[in-house]
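The structures come next, written out as structure tokens.
In the two complexes that follow, chain A is the common piece, with chain B as its partner first and chain C second.
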Partner chain A sequence: MTQAPGPQTHEITVGTLARVEGEGAMRVVVDAGTVTDVQLRIYEPPRFFEALLRGRAHTEPPDITSRICGICPVAYQMSAALAIEDALGVVVPPEVRLLRRLLYCGEWIESHALHIYLLHLPDFLGYPGAIEMSADHRDVVQRGLRLKRAGNDVMSVVGGRSVHPVNAKVGGFHRLPTVAELTALRPVLLQALEDALATVKLVAGLDFPDFEQDYTYVALRTESDYPLEAGSFVTSDDVRFPVADFGEWVTEEQVEHSHALHARLRGAGPFVVGPLARYSLNHDRLPPSARQAADEAGLGETCRNPFRSIVVRAVEIVVACEEALRVVDGWSDGGVASVPVPVRAGVGHGATEAPRGVLYHRYELAEDGTVEHAQIVPPTSQNQAGIELDLRRFVQDRLHLDHDELRRQCEQAIRNYDPCISCATHFLDLTVEHR
Partner chain B sequence: MDPHRPAKATLAVWKFASCDGCQLTLLNCEDVLLDLADAVEIGYFPEATQAVVEGPYDLSLVEGSVTTPGDRERIRQVREASRRLVTIGACATAGGIQALRNFADVDEFSSAVYAHPEYIATLQDSTPVSAHVPVDYELRGCPVDRGQLLEVIAAFLHDRRPRVSDESVCMECKRRGNVCVTVAHGTPCLGPVTHAGCGAICPSYDRGCYGCFGPAETVNPQSLTRRLRALEMSERDVRRVFATFNAAAPAFAAESARHDQPGASS
Partner chain C sequence: MLLVGVGNPMRGDDGAGPEVARRLADLHVEGLVVATGMEPLALLSELTQPTAYDGVVVVDATAPRADPGRVRVLRESDGGWAVPASPVASHALGLAEVLELARVLGLLPPYLTVVGVEGSCFDLGADLSEPVREGVEEAVAVVAGIAAARADRT
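Up next is the complex of A and B:
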């Protein structure tokens, strides 16, 4: 951290924002006591996925795009598979949809447990990281690790491994797990459900800043279930649109300070995706114990305090455990692992709820199935403008704090979004410029 | 470790161009993570902690490939601050999926993704760490295997060579008791030429190996290609199958290039 001399002009820089996935920085400009600009700078080196997908076979995007993010590879596999299937007119059987949901539940448990216990909780309890936190709260950290492992176990059984699973493909799966394989997950998931409920209780009792924002939320919604692997779009302004219309509603622009593209919603501007949006637009879709846990945590039907996203994430782990148990308990052998995928020219769209929010893919395929054009809109780039809006107000109210404390609180505010910078193409240092 | 120094060995984890999956694999060692943290001092691991211990570090794990002018300098600094440097994963070891740009024009790639490519600072090639600094050990995989990662960390902390086999996936597959997916089902499989370490996951899921651990030592991809062609894989698909997460690994790059003929698409 550096502090330049002078009463009017000084600058604070932090080299690396810790406990986020990827690399970035934050710059705040303060002019005569007023915050005039906030930039979340994402400078993770670009990897050009949308360019390198051109010329690949229609079967390849799930495996290739999963390498965008090691934390949420399943999200990439699912959105890619849906988009290609949409382009080719392929409809997968019910057992494939259920197994995709189970695989995705594993990723939600793993990713949310990672964020709650290893990345975010240390902010609330005042530790630099979970390892240091474990010196005083070993049982808590061990519970988090047990939960995280449960998610990994689900992904390993269904997908072969937890980072970049291998079993999912366009048209379904390479192999369906057996009843015996899934039944073995049952005790793991029952323990995970118990741990998830204990997590909701723990995080509901944390101290939260009094900070609410009038967000425009965007999430998926389905006829009956809490959204994960399917759904169509809904917003907090009650706008509804199908996945295929995403491009008409959401535009992306590139800004100089970031390698992630900024997203805007037609008629609304910046918007927010992720656990708060999902929860607030799907409260009536919560399965029973998740709804009870949310009630007991005092969440209400909507949540507009980003700091309480840690509670919503905990409730979503309960959702994922319940849903995973439902799939495991209803599973039978003899299903069809995949359907044939005949190629043709076409355009397809796919959207699913990654742990950090909606992940959208669009592909244009040639007659032989070759990818001619690919577009990927990850959740963190959709949230980037919303994070900047949060920070602008948050910092303005806290300019009286000393620089270390301000930086610490800003980092916490950024972590509310669990920004996945690898996904957004891309991470954080903090610069506060006083002019 | 230096016997004169009572302090615990220090471990640092660095990220370059990558997906975070290999360092996540370290956090995925849930059952031993706290024991590991007791055994070493975590000097630098920003994904896990804000705490920073000044270097030099006894062991640095490096994830990711070098793709920007800034990172080309940073990897030298990391090397200088590290007694031992181990690369983890396909990006750090072979350049990763982003090395597909090495076979294209990166400016064209940048224009295809960004409206203002002039904001982007990038190098033409995505290169492994070994192209820039001496590396003490390279661990393969996209992602690395958890068991192998722990073995490598344990080995370097005790100043011994890691016990990591350099045989092919076929050997692991046989030991796992799988039926050969190529022989029995005619499924194209890169197992014969791919470095072991994953435990032959794909064939266990009725899928051919897709080479995510990169080439094994002394392999003969040309011979495998004859088999793939006999299984009616097109020239273009042969080119694609060697051009993924280890596209710039020499043995795979050479084999892919042999099928890189315009018009050889069927």
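Up next is the complex of A and C:
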């Protein structure tokens, strides 16, 4: 961090922001004691996945887009598959929907465990990183790694491998696992559930800044379950709209300081997606153990303190473990792995709940199924404006801190969103400026 | 003994580790369990498995230093590897960070060696470069030699 001298203005530049996926920069401008501007800058070159998809076959988007992120490839596969199936009028059987949910549970477990234990917890416990924290909290980190591995095991059994799974496709799966294969996951998931509940207890006891924001939340919601692989949109203003109307409600705009597009919700402006939004809009959809854990953690029905997102993530690991066990216990052999996918021209939309929030895909297909147009709106891009709003108020209240501490707390505030800048374009680096 | 080949086969010479692992898996070297991973955290996952390994060899591509294909064998006892003071990425810890994390957590087996193959081209979609192909041959022989020596000892 550097500081350029000046009577009333100064500038602080912080190097690469560690412990967020990708590279970008956060720039906060403070002028005569007042925060005047906050920018989340993303300077990694765009990766042009949407252009890359044009001209490809309708069968390819799930596998191609899964390569956008090594942490949430299932989210890309699921949203892409739903969108293509929507365009082609394909309805998958119940066992496929269940297996998609199980695969997604694996991704939630491994992604949330990684973020909680290796990326965010060091902030709360006052360590520069996971290595330093591990020296004093070996058992805690071991538990995190065990959880992450449980998620990876689910992805390996259902998806064929733990990173960039290969078993999912448009219309279903290449192969369904057997009862024996899924039953073998049971002890792993029971241990994971125990570890997840211990995680909730651990993070519920952390110290959280007194910081709440009046967010507009956006998440998916289903008829009965906590949203992962399906649902339609709901907002904290009780606006409801189907996935197909996403483009009418959410607009993306170019901003000068970032390669990622900023999203705005019609009638509300900046909004927030992710664990806090999901939880606050679906508290009544929590399975029993997760609801009890949330209650004991003192979360309440809604949560507007972004620093408590670490608690919500822990509760969501409980959700994923419970849901995974539900699918495993109810599985039977002899199901249909996939349905035929007749080709036709059409437009399709798909949205699922990636660990970091709603991931939306839209495809236009030609008569022969060729992708003519693709649109991908990842969660971090939707959250960027919300992160900037957080930082604006957060820094304003902390201008009395010395620069190093202010920087550390800003980094922690950004990590509240587990920003996957790689998904938003790919590579993040933090800059905070005071003038 | 566990062998882990780390790297992304879709990024040119970064695929050296997985290629060495693939070749060794085909050779069915006695006493050698072979695993590959896109990124070093995969190694940590392997080490947290209940199965205890008495030794680990990690094969990874190393940064270009004007000698592509050169194979370097690094032992922790020789001074080990420096952990970057400021990690660039998060969700993908570097190999040195993962090894240090494993050491702190008490997961490292008594024997640990890193075999590096110096890369030159890490472009998306590229194949292994010719010098790295030759380096892969050498690395396979090095690891097979280590496995044989350790098998003889036991």
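Basically, the second predicted complex is superposed on the first by the 423 of 435 C-alpha atoms of A that agree within 3 Å, B and C clash if a C-alpha of one lies under 4 Å from a C-alpha of the other, contacts with A are read in each partner's own complex, and residues count from 1 in each chain.
Note that in this section a residue touches a chain if its C-beta (ideal position, glycine included) is under 8 Å from a C-beta of that chain, and two chains touch if they have at least 3 such contacts.
Just so it is clear, the structure is predicted and the values come from calculations on it, not from any experiment.
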Put chain B and chain C onto chain A via the superposition and say whether they clash or fit. clash
Tell me which partner A:51 touches in the superposition: chain B (first), chain C (second), both or neither. first
Would you check which partner chain A:229 touches, where first means chain B only, second means chain C only, and both and neither mean what they say? neither
Touched partner set for A:86, first chain B, second chain C, both or neither: neither
Regarding the shared-chain residue A:174, is it in contact with chain B (first), chain C (second), both, or neither? first
Once chain A of both complexes is superposed, is A:71 in touch with chain B (first), chain C (second), both, or neither? both
According to the stated criteria, A:166 is in contact with first (chain B), second (chain C), both, or neither; which is it? first
Touching partner for A:322 - first (chain B), second (chain C), both, neither: neither
Contact residues of chain A, present in both the chain B and the chain C interface: 16, 18-23, 70-71, 114, 118, 129-131, 134, 138, 141-142, 145-146, 148-149, 152, 162-164, 422
Any idea which chain C residues touch chain A in the complex? 37-39, 41-42, 44-45, 48-49, 83, 86-93, 97, 100-101, 104-106
For the chain A and chain C complex, residues of the former touching the latter: 15-16, 18-23, 70-71, 114, 118-119, 129-131, 134-135, 138, 141-142, 145-146, 148-149, 152, 162-164, 420, 422
Chain A partner contacts - residues on chain B that touch it in the complex: 15-25, 27-28, 30-31, 33-34, 37, 42, 45-51, 67-68, 71, 96-98, 100-101, 104, 106, 108-110, 112-116, 119-120, 122, 126, 142-143, 198, 201-202, 204-207, 210, 212, 237, 240, 244-245
Per the contact definition, I'd like the list of chain A residues that touch chain B in the complex. 16-23, 44-52, 54, 56-57, 60, 63-64, 67-71, 73, 114, 118, 122, 128-132, 134, 138, 141-142, 145-146, 148-149, 152, 160-164, 166-167, 169, 173-175, 253-254, 256, 259, 261, 337, 422
